[in-house]
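Shared between the two complexes below is chain A, which has chain B as its partner in the first and chain C in the second.
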Partner chain A sequence: MARRALVFAALVAALLVGVVCSLAFGAVKVPISEVIDIIFGQGGSATDVQIVETLRLPRTVEAMLVGAALGVAGAILQGALGNPLASPDVIGVTGGAGFGAILIIIVLPGSIALLPLTALAFGLLAAATVFAFAWSGRNRGSVGKVVLAGIAVLSLFTAGTTGLLAAFPERAPSAIFFIAGGLTSSGWRDLETVWPYFAVGFLVALFLIRPLDRLALGDDVAASLGSRPQVIRLGAGIAAALLAAASAAIAGLLGFLGLVVPHVVRMAGGTSSHAYVVPASAIGGAALLAGADTLARTLRAPIEMPVGPFMVILGVPLFLWLLRKAV
Partner chain B sequence: MRKLLSLALLLVALCLPATSQAAAPKRVVALTPFSANTLAKLGVTPVAIGQTLGGAERFSPKLKKATVLPLSHPNGPNLEQLASLDPDLVFSSQTWAKGNEAMEELGMDVVVQDPRSIAGAYADTFEIGTIMGRKHYARDLLQQMRKQVEAAEAGIKKRPKVMLILGVGRTPFTFLPNSWGGDIVTKAGGKLLTGGVSSGSGFERISDEVVVAENPDIIIAVPHANEDDIPSLTEYLRSNPAWSSTSASRNGRIHISVDNSLLQAGTDIARTIRKVRSAYLKN
Partner chain C sequence: MGHDEGQSRGRGPLRRGHGPMGVASGPPEGSPATAQLLDARDVKVEIAGVPILKGADLSVKAGELVAIVGPNGAGKSTLVRAVSGMQKPSAGSVFWSGRPLGEMRGRELARRRAFVPQRMPVPNGVSVREAVTIGRSSHLKPLRRLTGEDREGVEHAMERARVTRFADRDLTTLSGGELQRVQIAVGLAQEAPVLIADEPTSQLDLGATIGVAGLLRDLARTGLAVLLVVHDLALAAAVADTVVVVSEGRTVATGAATQVLTSKRLSEVWKAEAHLTEHEGRTALHVAWLQGNDVRSP
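Take a look at the complex of A and B:
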């Protein structure tokens, strides 16, 4: 218990550091005292107010939300499928969202305002296709069927994306940032579109915490305790699809986070209890993305780099260190 | 003896152009609009020209009879289709690097040209003329191009701050001075905003914080889109919260350029400069 509390405290501290750095540092130097004044409505120059209020604040909130959403999506999928390799990629969401976004960027650039909604819609369509196949025929809802259907649908959408990039090579640079994953400075606009999907996803994930712990004992034990394993898996899949598709709509493809963060918090806390893993993954994911995004936009400022590689640089050493200790 | 020597030198001089003309390749494929249009201006009709899917390249009417080769990654043209044309020489681009190697393996001579400045376009024009044995035509063409460009640059009254962006979406790239579009805008009298960034590629994704701080008077976007998309794209960019406080957004000076004239080198350099000045910079 003390170990879990310690990990929680460390994660909260990391999140606070990430948020403060995200607000304080950027391509334009704004004194920290002025950043604080601006956040508390105490003034600042017009340009600095614009930079902090319109660019950094929404981006920091997006980093926290997307990081938390992907962490939770990975945690509940790994729990529901009993598979350590499960992540939003496995239910096709990432592939679908990627295809939707690239379709807009490359084929329908005039409809660019619809990018978040299209990425979201295709992400959910891909997940729905996986669920439709996995929950039909024999062994419906079995882990193997979900994973195989997910891999098939992911391959389908990935092929579509690759085909579009190959067909329109001169337009490919516009798509690179989305594929590599990265937050942008679009103010509150994207969040206004997708926040309901985050809200529903987080709420469903919250209600799944206890059922997932029962499912961890095995399908037969969970069923004898009154739970319905297939319904729990479907619920977890839907919640993960909502969270991951909404995340992709805002920040592109950041599948790594959903895979690794739940493992890191599990190994660090020494428990697989979802009452601990789900909130810890949310905080850990938020901290990791806020920190990585700050690095991505300040390391070679004013050049902005995709956040995906920085997340890997920050996350993998910690993951490997914990893995070595665990094994 | 002196007369004999002079006669011999004269004979050599007379033979040289004939030799170089005989060595000029006959079956030429031009994969870039720049090389295709330059060849047309030099009086050479390539057997084929390249065309990207959805591309908005402007080709000379003289190239109507040339076979059109669709281009796609990673090779550029379909290599079987290209080989069936039996070309001696292919003018290609670095974009098709993988294809260029394969073309050389198929026995074709490949010349890679990607002019990213007006000076580079002049140099490449002369190189094409030299390779095709039409050096003197190339010299005349260059002289004509230089005069036209000087005329297009004349009388600049204002030098507004310009941000030139590539692509659409939430992560556009900024043209740097060492890009074709960057050089054109600078020659047209614009002060190119880059946040002090330099890059070998000529493009970089710069922070929106720098855009807010540097406050461009004009933003020109090159989005790979169609004419029909201009109103929706203009509205999208104008409502971008990151740019809404800039002079460009407040004064309705966000423009969309849907052709490729700012993206890749063309032969109508003076025309492009005049268009940038009259349609966007208004200087």
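Take a look at the complex of A and C:
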């Protein structure tokens, strides 16, 4: 128990550091003391207030929300499917959202404002297709069916995306930022569109914590306790689809985060209890994305690099180090 | 093959309020109830159009240990899963303390019977106490924390299953016998009047089997109704008040072990030349191990 509390405290501290850095650093440096003053409404120069409040605060909130959403999506999918390889990719969301976004970027570049909604819609469409096939016929809702249907649908949408890129090679460069995954300083606009999807996804995930712990003792124990394993899996799939599709809508394809963060918190905390793993994945994902996004903005400022590769560079060594020590 | 008597104990599934405990809530532990906690009649199960269970009866009352025996594929597990609400019956009636199975939702069902699977998956970094606490979760409202009563319930379940000694150890560090007792504790934490254990001893060594069998017997002595699916006929004869024989999807005999596990039945159902002996609580199955080949071959 003590170890979990310690890891949780460390994650919260990392998140606080990440958030402050995200607000302070960028093309223009704002001193940390001033950032704290601005947050609490106690002054700061007019330009700095403008930078922090209208550019960096929305972006930091986006980073936290997307990081938390992908962490939670991965945690509940891995729990529900009992499969360590599960991530939003596996239920097709990433592939669908990627296709939707590339469709706008390449075919309808004039309607770029529609990108978040289109990515969201295709992400959910892909997940719905996966669920429709996985929950039909014999053995409906089985882990194998979900994973196989997911991989098939992912391949389908990936082929569509690749086809679009190949058909319009001259427009492909503008799609790279989305595919690599990255946040933008576009204010609150994107969040205003997709926040309800985050809200519902997080809420469902919260209610799934206890059922997922039952499921960890096996379908039979869950059924003995009055749960329906297939319903838990479907609920987890829907929540993960909402969270991952909303994330893709504002930050591109960052599926890696959803795969790795739950493993990192599990290995660090030494437990797979969902009462710990789900909130810790949320905090850990938020901290990782906020930190990585700050790095992506500052390393070659004023040029912004996509955060996806940075997150991988930060996350993979930690992941491999923990994996080496894991049983 | 006729059906042995024993089913006459049932007084009909629809009667409620007859007898001291014929109410929907089920009798409390240790009460001298005679009412059926479970009454299942002519239960049939089809899986993908294939009849697996072709008509099985099963009943149990408080303090009774019923062993369900039969050859591989006879439908023993399907029977207990069907009456537990984990496998939809295609026909027949199942009543828990007078309440029809089909009318109960998960949470209510969880308070009437606990199902202990053969072997549960063992998640990493989960202690015995945490696992047993999960067993308590059918008593909790969504998002509500455990109350003092819930914590007491968890401790009580661990004491009854004799796992308190290693309550803080991780599940991954336990032996097969210890893990099986933890599974029983998870079931007991549901505080249901009926515990259903599906082959709890099939992967255990002799000593651990004796431990689990003794535990189930003691639980029945304190008033719990126990349904035990088991392969070992000598074990079934030693621990059970009532033995139910399932063969080819039907219950073919119900009664005391010595009455239903006759040499004739062992030959008919298991194609084995064997006989069961019992003497002062010790049971043995004397098997002609190498002489059954002629009866066995089709």
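Operating definition for what follows: the second predicted complex is superposed on the first by the 311 of 327 C-alpha atoms of A that agree within 3 Å, B and C clash if a C-alpha of one lies under 4 Å from a C-alpha of the other, contacts with A are read in each partner's own complex, and residues count from 1 in each chain.
The criterion applied here is as follows: a contact is a pair of C-beta atoms (placed from the backbone, for glycine too) under 8 Å apart; a residue touches a chain by one contact, two chains touch by 3 or more.
Worth saying up front: this structure is predicted, and the values here are computed from it rather than measured.
K.L.:
Do chain B and chain C fit side by side on chain A in the superposed arrangement, or is it a clash?
P.N.:
fit
K.L.:
Which partner chains sit in contact with A:P109 here, chain B, chain C, both or neither? Use first/second/both/neither.
P.N.:
Only chain B; A:P109 stays clear of chain C.
K.L.:
Does the superposition put A:F168 against chain B (first), chain C (second), both, or neither?
P.N.:
In the superposition, A:F168 contacts chain B only.
K.L.:
Which angle, to the nearest 10 degrees, do you get at the Cα centre of chain A between the Cα centres of chain B and chain C?
P.N.:
150
K.L.:
Could you tell me if A:S224 is touching chain B, chain C, both of them or neither one (first, second, both, neither)?
P.N.:
After superposing on A, A:S224 lies in contact with chain C but is clear of chain B.
K.L.:
A:S272 in the overlay: touching chain B, chain C, both, or neither? Say first, second, both or neither.
P.N.:
second
K.L.:
Regarding the shared-chain residue A:R138, is it in contact with chain B (first), chain C (second), both, or neither?
P.N.:
Only chain C is touched by A:R138; chain B is not.
K.L.:
If you stack the two complexes on chain A, which partner ends up touching A:E304: first (chain B), second (chain C), both, or neither?
P.N.:
first
K.L.:
Which chain, chain B or chain C, is in touch with more residues of chain A?
P.N.:
Counting residues of chain A touched by each partner, the higher count goes to B.
K.L.:
May I ask you to decide whether A:L16 touches chain B, chain C, both, or neither, giving the answer as first, second, both or neither?
P.N.:
neither
K.L.:
Quote the smallest CA-to-CA distance from chain B to chain C in the superposed model, rounded to whole Å.
P.N.:
Taking the overlay as described at the top, chain B lies 39 Å from chain C at its nearest C-alpha.
K.L.:
In the complex, go through chain C and note every residue touching chain A.
P.N.:
Touch residues, chain C against chain A: 48, 84-86, 105-110, 113-117, 120-121, 123-126, 130-131, 134-135, 137-138, 140, 142-143, 183, 186-187, 190, 198.
K.L.:
Tell me, which parts of chain A touch chain B in their complex?
P.N.:
It comes out as residues 26-28, 46-47, 50-51, 54-56, 58, 105-106, 109-113, 115, 165-175, 177-178, 182, 184-190, 297, 301-305.
K.L.:
Can you check the complex and tell me which residues of chain A touch chain C?
P.N.:
Touch residues, chain A against chain C: 82, 138, 206-207, 210, 213-214, 216-218, 220-221, 223-228, 266, 269-273, 327.
K.L.:
Provide the residue numbers of chain B that touch chain A in the complex, in ascending order.
P.N.:
Its residues touching chain A are 52-55, 71-74, 95, 166-173, 195-197, 199, 203-210, 212-213, 215, 223-226, 228-229, 232-233, 235-236, 239-242, 244-245, 263.
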